[in-house]
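A, B, C, D, E and F label the chains in the order they appear, each numbered from 1.
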Amino acid sequence: MLPSSSGETSVNAVPVASEFEHLREGQILFTYLHLAASAELTQALVERKVAAVAYETVQLPDGRLPLLAPMSEIAGRMAPHVAAHLLEKEYGGRGILMGGVSGVRPAKVFVLGAGMAGSNAAWIAAGMEAEVIVVDTNLDRLRFIDQIHKGRIITLMSDRLTLEQRVREADVVIGSVLVPGARAPKLITQEMIRSMRAGAVAIDIAIDQGGCMETSRMTTHSDPTYVVDGVVHYCVGNMPGAVPNTSTYALTNVTLPYALRIAANGLEDSVRDDATLALGVNVIAGEVTNPGVAEAHGMTLTPLSAIVAGLS
Amino acid sequence: MLPSSSGETSVNAVPVASEFEHLREGQILFTYLHLAASAELTQALVERKVAAVAYETVQLPDGRLPLLAPMSEIAGRMAPHVAAHLLEKEYGGRGILMGGVSGVRPAKVFVLGAGMAGSNAAWIAAGMEAEVIVVDTNLDRLRFIDQIHKGRIITLMSDRLTLEQRVREADVVIGSVLVPGARAPKLITQEMIRSMRAGAVAIDIAIDQGGCMETSRMTTHSDPTYVVDGVVHYCVGNMPGAVPNTSTYALTNVTLPYALRIAANGLEDSVRDDATLALGVNVIAGEVTNPGVAEAHGMTLTPLSAIVAGLS
Amino acid sequence: MLPSSSGETSVNAVPVASEFEHLREGQILFTYLHLAASAELTQALVERKVAAVAYETVQLPDGRLPLLAPMSEIAGRMAPHVAAHLLEKEYGGRGILMGGVSGVRPAKVFVLGAGMAGSNAAWIAAGMEAEVIVVDTNLDRLRFIDQIHKGRIITLMSDRLTLEQRVREADVVIGSVLVPGARAPKLITQEMIRSMRAGAVAIDIAIDQGGCMETSRMTTHSDPTYVVDGVVHYCVGNMPGAVPNTSTYALTNVTLPYALRIAANGLEDSVRDDATLALGVNVIAGEVTNPGVAEAHGMTLTPLSAIVAGLS
Amino acid sequence: MLPSSSGETSVNAVPVASEFEHLREGQILFTYLHLAASAELTQALVERKVAAVAYETVQLPDGRLPLLAPMSEIAGRMAPHVAAHLLEKEYGGRGILMGGVSGVRPAKVFVLGAGMAGSNAAWIAAGMEAEVIVVDTNLDRLRFIDQIHKGRIITLMSDRLTLEQRVREADVVIGSVLVPGARAPKLITQEMIRSMRAGAVAIDIAIDQGGCMETSRMTTHSDPTYVVDGVVHYCVGNMPGAVPNTSTYALTNVTLPYALRIAANGLEDSVRDDATLALGVNVIAGEVTNPGVAEAHGMTLTPLSAIVAGLS
Amino acid sequence: MLPSSSGETSVNAVPVASEFEHLREGQILFTYLHLAASAELTQALVERKVAAVAYETVQLPDGRLPLLAPMSEIAGRMAPHVAAHLLEKEYGGRGILMGGVSGVRPAKVFVLGAGMAGSNAAWIAAGMEAEVIVVDTNLDRLRFIDQIHKGRIITLMSDRLTLEQRVREADVVIGSVLVPGARAPKLITQEMIRSMRAGAVAIDIAIDQGGCMETSRMTTHSDPTYVVDGVVHYCVGNMPGAVPNTSTYALTNVTLPYALRIAANGLEDSVRDDATLALGVNVIAGEVTNPGVAEAHGMTLTPLSAIVAGLS
Amino acid sequence: MLPSSSGETSVNAVPVASEFEHLREGQILFTYLHLAASAELTQALVERKVAAVAYETVQLPDGRLPLLAPMSEIAGRMAPHVAAHLLEKEYGGRGILMGGVSGVRPAKVFVLGAGMAGSNAAWIAAGMEAEVIVVDTNLDRLRFIDQIHKGRIITLMSDRLTLEQRVREADVVIGSVLVPGARAPKLITQEMIRSMRAGAVAIDIAIDQGGCMETSRMTTHSDPTYVVDGVVHYCVGNMPGAVPNTSTYALTNVTLPYALRIAANGLEDSVRDDATLALGVNVIAGEVTNPGVAEAHGMTLTPLSAIVAGLS
């Protein structure tokens, strides 16, 4: 099943309860699943013996998550757009133009995290003529940004002192730090948020993993913001849902090759040939094969190799 | 009087009726006035013998309007931000990300006019990674953009055929054409708007001069958009009012030197020394000195030189 | 016969029949060989017990072919030059200048493939101020181009629909797709070519591997073009042969280190130390050691390890 | 008469003898004329009382020739394309790739003149990754190039020693120096050409004004090159004729506004209003009004003001 | 007389007392003279009836000083080099690297003045990867920098508050403000200098006009720095003297054309043809013709037109 | 022990003899050690049973030395600054400005080595507007520079002929070639240095590994230069010591994570978990565990696994 959507602004759709009746043995469900968060759906898939392959656990040998990357790229690029909008007085912002104008200072944008989302956020913010600082603890990532942007984006090693100082000065904070397969760390504290000027903007791209700011709580595209300590917060879950046209193409670009292979060779042969895809199988033949899912719901874990013979 | 504001989102404030009583002889009113549009205010200034110097008619020998330029710069830079926001599905847009992502096409942005507003709009849209075309009938302006942006922004001579073709293909149209001291020409017709795809966005920066699209009608920051033929229109008057922090600095940067000179030397000496400022005087000593204002209200025109002796 | 030349302008020379008599036991032949395409040469090398190491099968563990890469780089950079030339009316083209000029649109260049050849072609075409789109199915390659060129080159995922649409609109199509060790896929169909405007230009860099356009047939530097369906085709085998000065340096840069090591340590020790070079050995001690060559001519395959003891 | 063409590769067409019979009183001929070079055509226009307005003498108060500029822009951008082509071994060149490749030096391109043609030539050559030096005696022009290209293009003051040294080292020389309304100075001597390496390329964009190299003689698109002292020369008159699609648009962009005004207001009123256009009138009412034309053919010069009353 | 030098590091040489005896009637002295600063030299030139043309008063109609500009360009580009050196611990600096490195912040460079010197200083500092702010009161200059550098250099309108705030935060202050023909204003106060961190660096390019910092006093290349309030000051007069090779070429590029014309046509004819050069004549035929010089020494001013007949 | 310093300009401090008495069993010494160069210190560490972990032998599986990289980055970026300074006449240089000015050629900078130090040196030199050539024998590194800098920096394969030719023409030579764990090769010969022009500058960043120029001998920050054959040499050991503020942050960024882990888990557990860190252990429990150190001093080598049980 390719990305579909029950609502207009969604590009990825976990089946909802009313749809469970359509699940049946022999089906292959290939989409975002986030089963650790839903015992009910997990149970339905197990009972109905659906083969469920989750986008979010397809993983390359080097740890990258290829079916999540395009969504991070989109969310990263959207964040400075959103910030520009929220900086308008009407929406609670400081009334500052992202790029300033000749003779008037631009906004200071602080990006936490130099991964796919963060580096794209920094890059677009720089394109909008803002002053941009990006921090990370991974020096290689900072170095790549420095090489490409040649000083246009300032790179700093992330530590508590740097966060405190730079968040305080920022007109916009974009949080994009996440730990794969775990809740994002709350690196930006409420105290840091409180130190910001009234009308500053905080965007938490990591909200789908719980958020990387203490003051974050998930919002929706229809009611995207709230204010804490004078700082406008935007913590919309599934940011790419705002641009479904772009997101659908981006997602299909990466999922379609897998879908075609599964369609052509069947799921078993496909996972035999491709360890990356094999990691995507969460439930199959009535068994849970993903450790995180099994653990989350106290269910028995069955290794995929016990079900699919000849797995590499 | 420096830029002030009766409402939060405004950086330029024409006196309103309730304020007329504060006007009195001997005062110098130095602000945006747009008297041709208000017989009532003009009358009040004449009766009360206020010396009224309008930002919008201060004009350099080469025809540039130095006190309007920063506002055009701001509106131009804001336009792509606004477009990115309105392209979101939630706000009626096509659900397209301005810069696309790797492997997915960016939005096509079409900018009508390569003056201060248009060139800034094109530049920021390119910084947001959009595909950008800018048209004008002034080849020298297009050449400067081409030299600076080295092919990153496509420049085209403006003609009807080009407009029809490029507007139809565009995801975003930004209209910034204006004729100084006159209503903006309606170069983008309703037919062109109708040819655009549903969810495309049209922004009319020239709305303060009447707009350069047939489908434009002025809106406000609190209710900024409406839809015509499936195209989301944003025609907010006084766009810079959305970012009053930036706008106030930008305006003060250009007006303060004049204000200081008027304060130091008095208005008469100041206009004697500076023909640029002299053109700003619209009403003085109970006489209308600006031809456009006199004509608009059928009032008698008195040359400034008849009032201020020794004018160069 | 792939890249060869009897005269000065050749950078790579497969031995021709008249030269076979100079081959003798003990010789090491280190050059482009393409033995699968020549039973006669293969036979001669076997009979004369020459040790034949082919540039084109020297291969890194990650699959890259280091002795082919510089030739792809050159062909890629040449392609936009060639296109600019062929777009001239005199040579059958549409009479369009690659970069247009201020106020006149540039040429649209469509590059199929974002590998070494394609990415260089896209880059130089952008430098010539053309509008450039590059497609590939490898998202990581597209992402690198996007990061480096920051939106100046549009990257799209390659699929049939995209090809049809973008080829039709293109003034120039540059095909650079190839599958290592196999014939290039004919991704650009005759129908797509037919949809292009008269005087458009098609350049097939992959022609040495059979070409990636249905309408491609190999041509020579002395008679480089032909017209199909109004589209000027340039499918010269061995494009780098046009710039032998540059090509010789580029090739020597990568082959000389191997040659020096072979000269210093002998071939056997060299291949023992270097699995990359070992893959280059096609014929040795009268035995064929390359699977493709053996298969092509129905000859017996002897593993290199059976001849060179202690091979890693 | 807008740009038309009697031959396929021409965008500007001086009437030829066989067309003289179509000339008649009352006609306005608005095109490139170069009457100083043709007594016969001048005579025909005088006799037939045609009003002849020459593109090449329409001149702005600051000396710029607005109807020549787009042609210089095109010729300048074409020159590096042509150079890349002629550097191929097949066409007599040194076999060097303009941009070199990683690890191999690029071509050295020397551009004489930093005006419209020269600056465009330098810019595109840099985009093709060549090493580029541009010389001029106008420091302001060099400074603008330096500001825009930030050291990517080396700018040098033009003097004899610099020419000798830099031409000798160059792989490509592009000559674009001209003196408006006069023969181009022969700044590049035969001795300098002789000092270049065999297979170097010399392109004389100024050939329409007689050329700026001693070794230049005009060639055609169908037989564009010849060799002097081992250096491949390209001295095609009317270079933009090679790209008529682009050239026609570029020319129309600048001439159409004049043509429309002449059509709307008649020629007399048009020249009364516009001194720039007035300078374009070479022959009118049977009189020669351009000093250069009168002098070239020993004809009587009549001031335009003697014919058109009320000329400013 | 072309630029010569009595000392190794000087490119411009006012005649010194011991050389006066070589001055004689009929000579034309064409060099930097700064006569307002030397009654003795002025007297010698008057008495010996030398025609003295001063580089520093040759002035274009738009007020630019073409023979000073290259020196400003050089000093501006040198300033960030000097700053990088002085920031080293060994030389008293803060021990900060101009461009920082990946993960470590760069130096903050504050440039006062966006003219020839200041814009070059800002540009090179940005090239060294520093954070750069440039201020000026001329918005058009700031706008040009913003257009060219696209947000890489932050431009701010200069006012006291901005100076105080930005100087305090800066690691490097480069002062390049000057008023043509007058002492530079002391815009950077001692208090501002005192607010800087120990080891910060202050460079006063305007020192030849008296300096634009209260704490500036002229130093020499052999003893270039001193410390005030912990801030390392570099206020070397004639900065371009440090790079005489570059400076001599730069100066000759602009002076030689004048010198050649004077040599060819004599001084009188030259100044008749060229009002720019005429302004350079300070003393001629025993009379002082420059107002500033006459005033400085209480000597009689004779208009040049009284000496050179037919002056335009 | 984090980086500390006994002298002001040092960021890395090997313990000196007077400090040996503070060494005692149970201590963990984590800093730069260079024990192969000091039998005395090695002996002290062995005797006092200190656990000595050397920054310079911490090594990633791919051979990179993560705790040396930031120092190379700093030295590389400093080199062009130093060159600009030494090119001044006062300091013995040719009196050439790195970036030249409009109309005057820039300095030619030749960088030997495209690793961390060399690529940073080339990049900053280009930012200073110099002409820059970088050579290496690693084509992948050159390709990356070419991709990022798009022809702005010329990349050449390193060979003797290229070195001879390019060093001779250079105004500045920056040597940054080193072989990890070995003495740097003396690729730049005295003969090459002799071929340079008087006042050229040679900087040997590899001096800490013995230098890559025959004429190099280590100097200090307080007496940094000497002249050989007219060429100013700068061969300061520990270049980053000049900018201790930047260097300390850069070093801490990479060492602190290791230090924190050692502090939290103890050294034994830390090296068990991390093979990269394990390679850093040179002396532990009275035994030498680093082969190079053991060999240098003829001491017994004990494998770390003999001391720390369970080492991976």
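One rule holds in what follows: a residue touches a chain if its C-beta (ideal position, glycine included) is under 8 Å from a C-beta of that chain, and two chains touch if they have at least 3 such contacts.
Bear in mind the structure is a predicted one, so any value in this text is a computation, not a measurement.
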Touching both chain A and chain C (chains): B, F
Distance between chain centroids, defined by C-alpha means - chain D, chain F (Å): 55
Sites on chain E at which at least two other chains make contact: 70, 99-105, 126-127, 129, 139, 148, 150-151, 157, 249, 253
Full enumeration of touching chain pairs: A-B, A-C, A-E, A-F, B-C, B-D, B-E, C-D, C-F, D-E, D-F, E-F
Chain A contact footprint on chain C (complex, rising order): 137, 139, 147-148, 150-151, 157
Footprint of chain F on chain C - complex, ascending: 66, 70, 123, 127, 148, 249, 253-254, 257
Residue ranges of chain F touching chain D (in the complex, touch as defined): 99-106, 126, 129-131, 139, 142-143, 145-146, 150-152, 154-157
Residues on chain B engaged by chain A in the complex (per definition of touch): 8-9, 70, 73-74, 77-78, 81-82, 84-85, 87-90, 94-105, 120, 124, 126-129, 221-222, 241-247, 249-250, 253
